[in-house]
Amino acid sequence: MRAGIVVKAARVAIVVALFAIWEILSRTGIVNPRLLPSASDTLTTLGDLLQRASVRKDLAVTATEVVTAFALAVPVGALIGFLIAENRYFADVAKPLLFFAFSIPKSIFLPMFILVFGVGFSQKVGFGFFSTIFIVIMSTTTAVESVKVEHLTVARSYGATPVQTAFRVYLPSMLPVLLEALRISMIFNLTGVILAEMYASRDGIGHQIATWGENFQMKQLLAGVVMIAVIAIAFNELVRWVETRCSHWRT
Amino acid sequence: MGGNTMQPLANITPLKPAGAIEVRNVGQIFKTTTQDVVALEDVSLDVKPGRFVVLVGPSGCGKSTLLMMMAGLRQQTSGTITISGAPIPEPDPNRVGVVFQEASLFPWLTAEENVEFPLALRGVTKSDRRARAQDALKLVGLDGFGKRHPHELSGGMKQRVSIARGLVQDPPVLLMDEPFAALDEQTRMTMGDELLRIWTATGKTVVFVTHSLTEAVYLADEVIVMSPRPGRIVDHLQVSLPRPRTYDMLSGDAFGSLRDRIWRHIRKSA
Amino acid sequence: MGGNTMQPLANITPLKPAGAIEVRNVGQIFKTTTQDVVALEDVSLDVKPGRFVVLVGPSGCGKSTLLMMMAGLRQQTSGTITISGAPIPEPDPNRVGVVFQEASLFPWLTAEENVEFPLALRGVTKSDRRARAQDALKLVGLDGFGKRHPHELSGGMKQRVSIARGLVQDPPVLLMDEPFAALDEQTRMTMGDELLRIWTATGKTVVFVTHSLTEAVYLADEVIVMSPRPGRIVDHLQVSLPRPRTYDMLSGDAFGSLRDRIWRHIRKSA
Amino acid sequence: ADTVRIGLPTKTYWPTTIAETAVRQKLFEKEGITAELTIYRGGAETFEAMAAGAADVILDATSLVSAGRKKGVNSKVLASAATGYYGWQLMTLSKSTLGVKDLNGKKVAITSAGSGSDLLALWTQQDKNIEFTRVPVGGGGLVPNLLAGNVDAAVVYSPLSFQISKSGEARTILDFSEEVPPNLAAGWIALDKYVQDKPQLVQKTLNALYGALMFMRANKDASVKLITELYEIPSEIAAQEYENTIMKLETDGSMDGPKIPEQLQLALAMAKAGGMKDLGPAAEIISTQFKPVPTKF
Amino acid sequence: MSAATIRRLIVIGLIALWEILPRAGFIPELFLPSLSSTLAAGWNEAGEYAPALAVTLYEVAISMTFACGGGILLGAVVGSLPRPRILIMPMVSSLYAVPLVILYPVFTVWLGIGSESKIAFASIYGFLPTMLATAAGIQTIDPQLLLAARSMGATLSQRLVRVIIPAAIPTVLSGLRVGGALVIVGVVVSEMLISSAGIGYLISRYRTILDSPHVFAGVLLVLAMAIAFNAAIKWIERKAAIWQTGTHAGQTAVEEIAPAALQPVT
């Protein structure tokens, strides 16, 4: 954190360099500009798109779905993951089954969600939840497994209840692993919601992006992708902010 | 050592009656991948309420194991242990407190927060907790180090935080596993005297493990000497030196002969 | 203690010349979130090759920090340190070996494998490595415990494995941070004698941190006394007692006066 | 008012234009109903949505209706919508000199296996008696892969086909709207159960949809403007789309017509050739219950 | 009742439901064909599924090497060097935030439409979680252990192989689990999107023509791959447990070996 400014500068430099390469590749025609419109064109298009009320509305819809799905998936997933890590019996029963569920491409189940929820908010949220929960469960299990036995013994000797142990020992010591998991989960969640929107939708940004792609509107498509990436990155940064606030005790 | 102004721990007052410890024919066998290890065999021991008992014995003889069993952190393979009249299948901070051989501080908490931890578990209010943690830290000579994280403390400082964490709980039975091992002689003496003062004031039962025979005799009502593998009790001495103890007694004959008697056991068995 | 038949460490032979240590005006300032801590200030020190130097001082005075800097594990904020004539910006096991204050064993390796670890790093063959590790474990009285994992060992046993790991490296300069803190007095004495024997046979330079003043005087050529925060050297004693040392010397006047002199420093500063 | 949920297979497909027109011209309102438009990823997805009860009236390939009956989804074609693949073209890069016959042994991009574009590719192989590899690249991959030279030709749908032809990037070597014999490729569809429960609603929906078609035929400028806006394409392309697809759609919609069974049978035969199994006779899926009466605009 | 029994009962229950629900007409066959018809469909077209499975397995195997091998290695490097960690990690996890699935059709332009693009996609898909999990796991390592290794002159690569990876083994393994599963998903999804071979291709093709028994036959094969992968990880876990005893995971594993030896952890 002390070298914060240097690191930040380096990071900005890398981002700028990436955009510059993108621009050059496209402008010089090394890559067909029809396939990869230049960075500046994409950003201009992005600006135009954001002017449109319909796009802003789509973004708002998607954001609401994403946030809802995430807010549901993370606590539920974390709880299940915790139970699995803590309770051997439950783990033996559930772990392999969950793992198999995790290994199947989720998009196969999209029709099931329409069957159960119809098309709409709950279907998107449901699918976002479904895409996220398994990774949350698995990451929580991982995180729990990195906790030191001595620390648990100490807490036990002070008569910590399971809930207290969870919040005062597990949570802080798992934090780095957990936050990383949170980041990945968010990405899964976002992808899940967008896939659901692409699959069947009346609104939402995923639906727009699918159309742009199928219509070979590369500028809009890339602008849309940038838009989603920015949302995900903003979330990433939020998590990182939490992380730096919480783990200053690490050297 | 930062500001060695050790002050009384105001909040440690004789609230709860001291506990009795009864250990009956206790054995502990560890199953390892290679073979079974008989760590303790047929250990029986009675600690009356309010006594200060010191456990000595060569490295690896089972002292820590015995303490863990008394704390309910490990179940014996055979025999029974009761604390204040009841078995202890689970750790119970209302009956027993432990200071571990390794400091085992939570790295994500500051020294202060580490000491507050057991109080926070019991729902003591923030301000009350803070005050008591401050007192305990003052007591171990770490006034002003409350805001540091464990990795910013020296080995001895960590051990002292761990002692403070044990004391702040104020349990009727206090089990301490080599608490002063990483301390210099002066700090060790001061801490020993503080411990005796608290003990006298509160009437706790203390079981204390140490490798320093001088410390053992200086602190104890009774010294229990253990032999190595399988760990057994080979001697049980009553230390009848008057209290308060002074460092002058260390050169006295009574002291010397007690120390020698223990030393002979240790020498033989190690 | 399991089979205390300490035997000579056959493979520790005087292969490399001992190293000299020069510490010049060294300071160490830790930046913490709350404030800056001056851990060491203007420390200068010369250790001639082959000397046995003991470092004492109250808890938190900066002994471990000084050792870490000599080992190249931490860079000083100011001043210079040279080992065998060259600065040590990086740890260099060919010049310096360290035994840490906390055992720091690798939990996934057995005792034996932990001791072999530094040899494995240097590509010593399996059989050679195993033989040397066995010797080292025998030396610290842990013959037969090679197959155990650290969590299956007692506190003192872990510390001894850590000592064995330090010795097996056979570095010209050996830095030991309270290596005997968790040992009972008998084992401590035996280990101290073993260490002196190895030191005599190999001519290593040893810097040894301890809190036991008796041990300090018993082992040392020179004792360096440090004061607490900011850590400084307040005294530098030459121990001219003849070698080999015996435990009878402990009651002699020369010994007593040296011990007293150190004690007064510690008492004052702690 | 009753709400009808209309399922549309992709955004830039003519049914969307029709349904949107009906909404904007308030034709549903005039019928006293409201409509909710949902766009799906493709024909199969739309059909599944109807089967799942998430869509009431959909526009889809007639072959799916037949396949669906064997899978426990009972629906029928209520109104005929298109008897050709309007705007669908087999295209190569403009600089390429390949003709249809030259595609023997080459690679041709389709959207996905079993889709409309696959059907057309298979038909081409049969009709022209050639063999080529069909490469499913997804809707978004058609033009990029063609431009990058990963494939030699692609089956492109409208208005994308008009667009890349206009931009000079690609040229048409086979126009499916001309070449494929008329068959009932697409129709408005609903579940039997829905038809039974709400015949009135279905009738009104069809009225509005065909009313929209009538409106579009009568108002070129407004329609082109709508297409431009909806699909974010230049107005020339929109005009092309208007001429080549909208104007060719079935205006009547009645399933009573004498040619209907035959045209439907032909559509099913094509689907069978495309790998669909278990297709029933055409008669099973014809519903003559409705005759769209275009809503007045 | 033992956990394995319960699990078996659950599986049997699921299988029974799978057969009964569609048969009884509670779920249209379009959404879930009965297990028997799925198996029959798979069996009848075995000649088609077998080569597809071979293609998918080949792609999975190669992607797995890239994703898991590379992910662990890079995660270990990045996780143990503070400077690159601060610099690179945010960028990497941000990069992962770009929704690749959407861009995949465009990527095939450069990577081709054969196995390469699937391998690239699945590798990236599985690589990042493996790497991020490994890097995060490494941060939970006791710094004292690294200090000790450094004092013994361990080079960076030695520290990596002998300290960092063993110490982080539980996290690494779970990273591997997640990464491996994602590789399978990645290959199948990219096959579903764009390809003319593999299980994913068959799934999406049959799906487009509403042939659900054949779709689920493909899904069953994917499941079989996951089961095989899980068995492999289990095997590694058991091996690793012997030398991993300092953490919760190790403890649990040791308990499995000698149930009487240790206390349950909580």
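Just so it is clear, A, B, C, D and E label the chains in written order, and each chain counts residues from 1 on its own.
The working rule: a contact is a pair of C-beta atoms (placed from the backbone, for glycine too) under 8 Å apart; a residue touches a chain by one contact, two chains touch by 3 or more.
Just so it is clear, the model here is predicted, and its values are computed rather than measured.
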item: Chains touching both chain D and chain E, listed by label; value: A
item: Which of A-B and A-D has more C-beta contact pairs; value: A-D
item: Intercentroid distance (Cα basis), chain B paired with chain A, Å; value: 49
item: Averaged-CA centre spacing for the pair chain D and chain C, given as whole angstrom; value: 84
item: Separation of chain A from chain C, taking each centre as the mean of its C-alpha atoms, in whole Å; value: 50
item: Computed distance of Cα centres, chain E from chain A, in Å; value: 18
item: Multi-partner residues of chain A (each touching 2 or more other chains); value: 35, 111, 115, 149, 156, 173, 198, 210, 213, 221, 247, 250-251
item: Of all residues in chain C, the ones touching two or more other chains; value: 33, 102, 151
item: Chain E: positions in contact with at least two other chains; value: 31, 102, 105-106, 109, 143, 246-247
item: Contact set on chain D toward chain E in their complex; value: 42-44, 47-48, 51-52, 64, 67-68, 71-73, 112-115, 118, 133-141, 144-145, 147-148, 150-151, 271, 274-277
item: Complex interface listing, chain C residues touching chain E; value: 71, 73, 91-94, 96-98, 100, 102, 104, 106-109, 117-118, 120-122, 149-151, 165, 169
item: Residues of chain E defined as touching chain A within the complex; value: 3-4, 6-7, 10-11, 27, 31-32, 83, 86-87, 90-91, 93-94, 96-99, 101-103, 105-106, 109, 128-129, 132-133, 135-137, 139-140, 143, 168, 170-171, 174-175, 177-178, 181, 184-185, 188-189, 192, 200, 203, 215, 219, 222-223, 225-227, 229-230, 246-249, 251-252, 265-266
item: In the complex, chain B residues that touch chain C; value: 1-2, 4, 30, 32-34, 37, 56-64, 101-102, 147-148, 152-157, 160, 177-178, 181-188, 190, 211-213, 228-229, 263, 266-267, 269-270
item: Residue ranges of chain A in contact with chain D within the complex; value: 32, 34-35, 110-111, 114-115, 118-119, 198-202, 207, 210-211, 213-217, 220-221
